[in-house]
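Got a structure for you, written out below as structure tokens; questions coming shortly.
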């Protein structure tokens, strides 16, 4: 059944609406009963909302909503929003990560106050991300990006009595504010050149020709900067190590998986729709070659992330850097787009999307494992992880799966998605990008395996005591691990969908 | 479907073993591991392939279904065996079972994890040797490393962490280089192939479909891909000077793991070299005959000389593995029936004999808790049966006729000597053959000092004969070595059948 | 003792050179740009009303503008959420006890407990 | 008629002054103010080119930017407040427990 | 046709069976498996005799019986049996000596209460089986394989007393030194396969025949490294010769043999008389048709032989231990055989191989008997006067000594004389190399006479010089029996080929051995070889005159040596005269420093090289590997320093990054136009 034949058009935004309503519902619950900390109810509501939104997205996706088969993308409210396969695909990523994070938070926040705020902030941020995926106007992009960002700042600084959390929040906020200013300035410059904020119209104006290549270039670069902040790419990545390290681990998971994916979602759409490469590389006697820009950023980002991660002593910070490295991989999706790429453009973009999906599972899982370790009060360094496997073999196995998958080792999802990504890059002629990625993957194996080594091979220096067996965290981690493993044999539908929906952008 | 069943049963056995209590894990793993043994023997009995699987031969137990459609090239689940892989499958199952038995004594903690990982590794190894789609093959290829990493890292010796991570990272980087090389070849083939099935790729390459890629002409691309793949596999084999992970890994690994490492894992490298470099790019291989032969000779002589300098019994056997695998390279580059066939035969023969040697060293270690030559002498006085088998195994390693090692080495020497890939092959062969003198040197010296002479042991342990279940695997391996040495045709006929098509390959582009 | 602001010139201003550099580059770009004549607004057009209409995706304005309906709703939520977050952060806690920091892997704690500085090295 | 380049130059100057402030000031509140300055640089452009293109898109968007600036300040103040409580000051360079 | 020759495989398999029985069930059997060995070798012996007579009757046997490796599109590697006069003669020798050694072992091992007897008898059985397999091998590969097994068995038996320090070391040395020779042999085997596509000794595709045809231009073969056929055949021949030099303990690979005396004495007898050491010479005889084609090889063989004969003999004169003297005499005697083969005296060398087998087995067993008597003291200076205490041993030993010294009419005289005679006439025919070799061989006769009788006199004559010598341990029938049999053989076997008598007195038809070796495959008989020999003969005063002169001179030298020994040592209280040799004594005691330089090569060259390589491997090769990872980690350590933790720095870097990107892309994209 194709859902929108029976539903009104606005219903296509249902995932975002469901999420927003869930957020409001959480506020309501918190308002009605502010003092009691009914963790189960809050976490359950948030999870249910996320799952419902995800379910709807999946249903739409299977039904072909906004895709070629049902008449193409659905454009709403004066082109401010567009619902197509890509937005639904990313919604699926956001909601699944959100669901895992909220389930895990049930245990993580058990001893905290203000849980209502926490869940509502998470759900609103997810709403913002979903909207980012749908945004079809720079105005909507900016506003929804802020909707995703502002709760994130608060979430990072959520542990008000933890200096790390505060410091992380501060740095995240400051760099974020700066980046959003840069982003806004970029938008203003693009507006100066084209007189429009709606993405297809920007493209249309540019196609008519303009002499203002310099202004446009500056604008595009600054917009790219805004996305680079969101995706934690060089040179806007500086917040990431501290924010991921200092934030409560579920928030780190949320930010490094969902928020990063949201940044990519909007970047993919803005650059492919508003600034088609064939147009902007030939404006006014100059060119704005953002593909080259992203290629450069991709190489620097993945190299910096991996090298810096290699010598970390703190597992969480190592994962933070690895997350930067993965941003570099995903950037290949934009970097490998060429003027005459044809189908290859869709392939590489789709591969990048598929990688982000797999990454959503394995990286969220990894951070949630850290959340579990924090819950156990074991510390954050590699040393502190020594011998965990002897006490918690199932969780350690899951973490092992995440680590090897992140490193791109078979037989896990990370391998096949990385393979698809590099393969598509080569197909587009960017074999050197793939080579860079591959070499970086090899290096990454070193530090990922250190975690594994610590858990399974090292002996704990002091007697290891694990207090509780947090059910929610376990559920989330196992869910992520199973997803990571199953995405190897089940990669076919994922990559097929991703590449189909990506091809629709061109 | 029997291959799928074989792999699945082994996986299942691994899972079952994981959840069993430690007390029963060893025995249960042994019992469970008999299933793949029987399965592989049944396969062997039903085996009806002919020719080379990659070159249009008739593949036994073939399955071929589409798994992933990704871009231009589909990924298939394609498995099957031919005369090259069949012996290696049998070797893998038998050696795993024996290694599991040999682990009963030395593995004293976390048994269920240990035995589970052994079976998991076996499953992946079976996948490596049966996969005929590059992607499937690569998945198994890499998946072998993970259990190995843990097996060395958790149950290894004092420097196990260093050894495990070195092994893991080194071989992974090598795999990556190989992967890049192969994929560039695939892209060079362009539209002439539709999937990553190895037979399809090999046949397209033979048909001269290789085009240019990344600014490289077909010839240059073939060279680059060949070098990349050779590097990748050479690390695994290992070929000097890429061997340094091996002694560390062996010394630190517990005995049963060393057995698997030397017995089967090293063969992955040579198997892949044969399947990829020497089958797919024969012209390039012939063009590189000189450097390859040089590397082979260097491995043989260098490895053997290094073994001579070692004081640790395991290190001796480890370096001698480098030496023995050098013969395989020499045989492969010969491009003669006896050369390539002998190289393949050596994979099996060395698998058995090196397994035997590592186990024998392990049995002595179980009792003495030392492997240093200088720490003991006259062990034969207290452990006559073990010492006897040790001596027999050592002579097998030296290439005693009527044991498998001699057959393999003789085939290789004969094949390499009469090779036509270059004028000077007889000289290289002669140089490599000097390895048989050095190998005798270090093994005889080691035996003289440890096993013979007046009994002396600088340790607190009571040196007595090993229990039956320690010695039994040794005896089985010795018996297999002799059977294979007396009647190499058991495998050699089917190997030749699969190898001969490779020799006929000529100028494809 | 005066408390009025003073102009402080010193080495702390050096990083500011980066901003100057950025400005120079931007100025070069902008000065190189040549704009055609502006279109401007029609004489007497009610700009404010037009902004209002545009905000709600209505087509009644004198001057055209794009639809900001979605942005409007979203920003409403955003302000709400910002308030939510700000209040959470600003609310004063009853107990002032600081928690230990986990961010340095417990090194700080270890140092205080063991009173040793050896952890401080090149990490 | 003021040429459009001058608006751009002005906005660039305001933008860079904002960055200058970020680079040279360590007080978190001054940090916030500098960011506001940068956002307003964008607003100058938007308003100027709204006129230039003859539509109200830019002007309308300016309102949103202002609103968002307010929201940002709200969250920012909240964070600065907890910073003050935890690090006994609003110097942004004090909070450096995490690095490398 | 199921003749007696179809049972030939049983000759090999019976001792192998005894090996399995002794290994598996020896400990449950009386005498530790000795009886199985005796039965098996007796059976083999009987079959060998039958075979011998069948061959004498003109039957031959050349069959492939097992395909070891079947080549698809390539040649097969097979096992087969070749029974011709040469091999049938050798079968008799080997089985007889093996049988006697087994019986003797009852006295030497069982009666002396040795432990590990099953291992001992298993080793003997395998040793015998391997040697028999080697003897009947119908191709070079099979010969090589059994050759190696012989080497293994020598290792196991020499190192039988593994709980002491000496035997394992000697065993190792024996295997290692012969392995060095076998290395060349193996290359030779491979080269023969590569050259001819076959390694058969006989039959239509026998490689000597193919080589002959190739040299005549009737057949083409592969040669390598750009060599001509003659040159390449020489190379191949020399490669195979490497194995011969190693196993037959020829200079310079003879060093293992004296050390091998660490093994039990019956084993020494077996090794020296019939199995291991004989294998080398037998191999040359077996493929003589190939060697005669290359004069260079023949000359080298003759030179090595002549030199070794003299060289070893000189070392034998100063030894104190009875078995050491015998060891050097073995080396020397095999030198004669090599000399004979190199000089074109195929029959002569084979003849000497046979006679030597008997008298050397006799001497070793006799020495064993003495050693039993002396409670395992081997030093001759502690003996003396045993003649009266053990007469059977004495007379048997004397018979062997006379044969060894080459005193007419004992076996050694006839065969050694024929070897020297062949060398002389072919040398006179225009080959100065052979004349030089002859001179060395002749000189060696003198030393042989001297050391042999020095040994006899010191051991059996004079006054007992120690307590044990005065009251020696008695020996039983199982020691005396073999000695008696061999004593008779040593005295008489020379009579089967009395060529000098034939030549001098014109009595036709008493060169039985010559006739016997002539009756065979056309490509393998002595007659055929004689035609191919690249030498011509020269005479001094006619054929008969030369025979007479040669025999007289060699007999004179032998008697001279014996006489000197008589003068010096056949006195009641003999003393060492070695000091008279001056500095030469030291050289001789140290065996011309042959061991020293070989040990130096092993420990002074190879081991340091391997240690340096180990350092290189650990330091450089592995260092590079670890270095790469260290550099990466170091780079990582630097890269992460960018993250200073201070937000202001982040802003600065961010701004700079943005500016740099702006500049770079702007310049590329022409934004500053």
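Read from first to last, the chains carry the letters A, B, C, D and E; within each, the first residue is number 1.
Convention: contacts are C-beta pairs under 8 Å (C-beta built on N, C-alpha and C of every residue); 3 or more make two chains touch, one makes a residue touch a chain.
Chain identities (UniProt): B = Oxidoreductase.
In this text, all values refer to a predicted model and were calculated from it rather than measured experimentally.
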Exercise. What is the shortest path, in steps, from subunit B (Oxidoreductase) to subunit E when you may only step between chains that touch?
Worked result: 1
Seminar exercise, completed: Between A-D and A-E, more C-beta pairs in contact link A-D
Seminar exercise, completed: Chain with Cα centroid nearest the overall Cα mean is chain B
For this session: With chain centres taken as the means of their Cα atoms, state the distance from subunit D to subunit E in Å.
Result: 97
Exercise. Taking each chain's centre as the mean of its CA atoms, how far is subunit A from subunit C in angstrom?
Worked result: 21
For this session: Could you give the separation in Å between the centres of subunit B (Oxidoreductase) and subunit C, each centre being the mean of its C-alpha atoms?
Result: 61
Problem set entry | Centroid spacing, where centroids are CA-atom means, of subunit C and subunit E in whole angstrom | 94
Seminar exercise, completed: Residues of subunit A that touch two or more other chains sit at 139, 143, 146, 150, 153-154, 157, 160-161, 163-164, 167-168, 170-171, 174, 178, 182, 196-197, 214-215, 217-218, 241-242, 245-246, 308, 311, 446
Seminar exercise, completed: Multi-chain contacts in subunit C, i.e. residues touching at least two other chains, fall at 15, 18-19, 22, 26, 29-30, 32-33, 35, 66, 68, 71, 75, 78, 82, 85-86, 88-89, 98, 101, 103-104, 123
Problem set entry | Multi-partner residues of subunit E (each touching 2 or more other chains) | 629, 637, 640, 643, 645, 647-648, 651-652, 655-656, 658, 662, 666, 671-673
For this session: Check the chains against each other and report every pair that touches.
Result: A-B, A-C, A-D, A-E, B-E, C-D, C-E, D-E
For this session: Could you pull out which subunit E residues touch subunit A in their complex?
Result: 629, 632-633, 635-637, 639-640, 642-643, 645, 647, 650-651, 653-654, 656-658, 661-662, 664-666, 668-673
Seminar exercise, completed: The subunit E residues in contact with subunit C across the complex are 637, 648-649, 651-652, 655-656, 658-659, 662-663, 666, 671-673
Seminar exercise, completed: In the complex, the residues of subunit E that touch subunit D are 640-641, 643-648, 651-652, 655
Problem set entry | Interface residues, subunit C side, partner subunit E - complex | 15, 18-19, 21-22, 25-26, 28-29, 32, 122
Exercise. Which residues, counting only subunit B (Oxidoreductase), touch subunit E once they are in their complex?
Worked result: 166, 169-170, 240-241, 243-245, 302, 305-306, 308-310, 336-338, 378, 380-381, 391, 395, 398, 400-402, 406-407, 410-411, 413-414, 417-418, 423-424, 426-427, 429-430, 433-434, 436-438, 440-441, 444-445, 447-448, 451-455, 486-489, 492-493, 496-497, 500
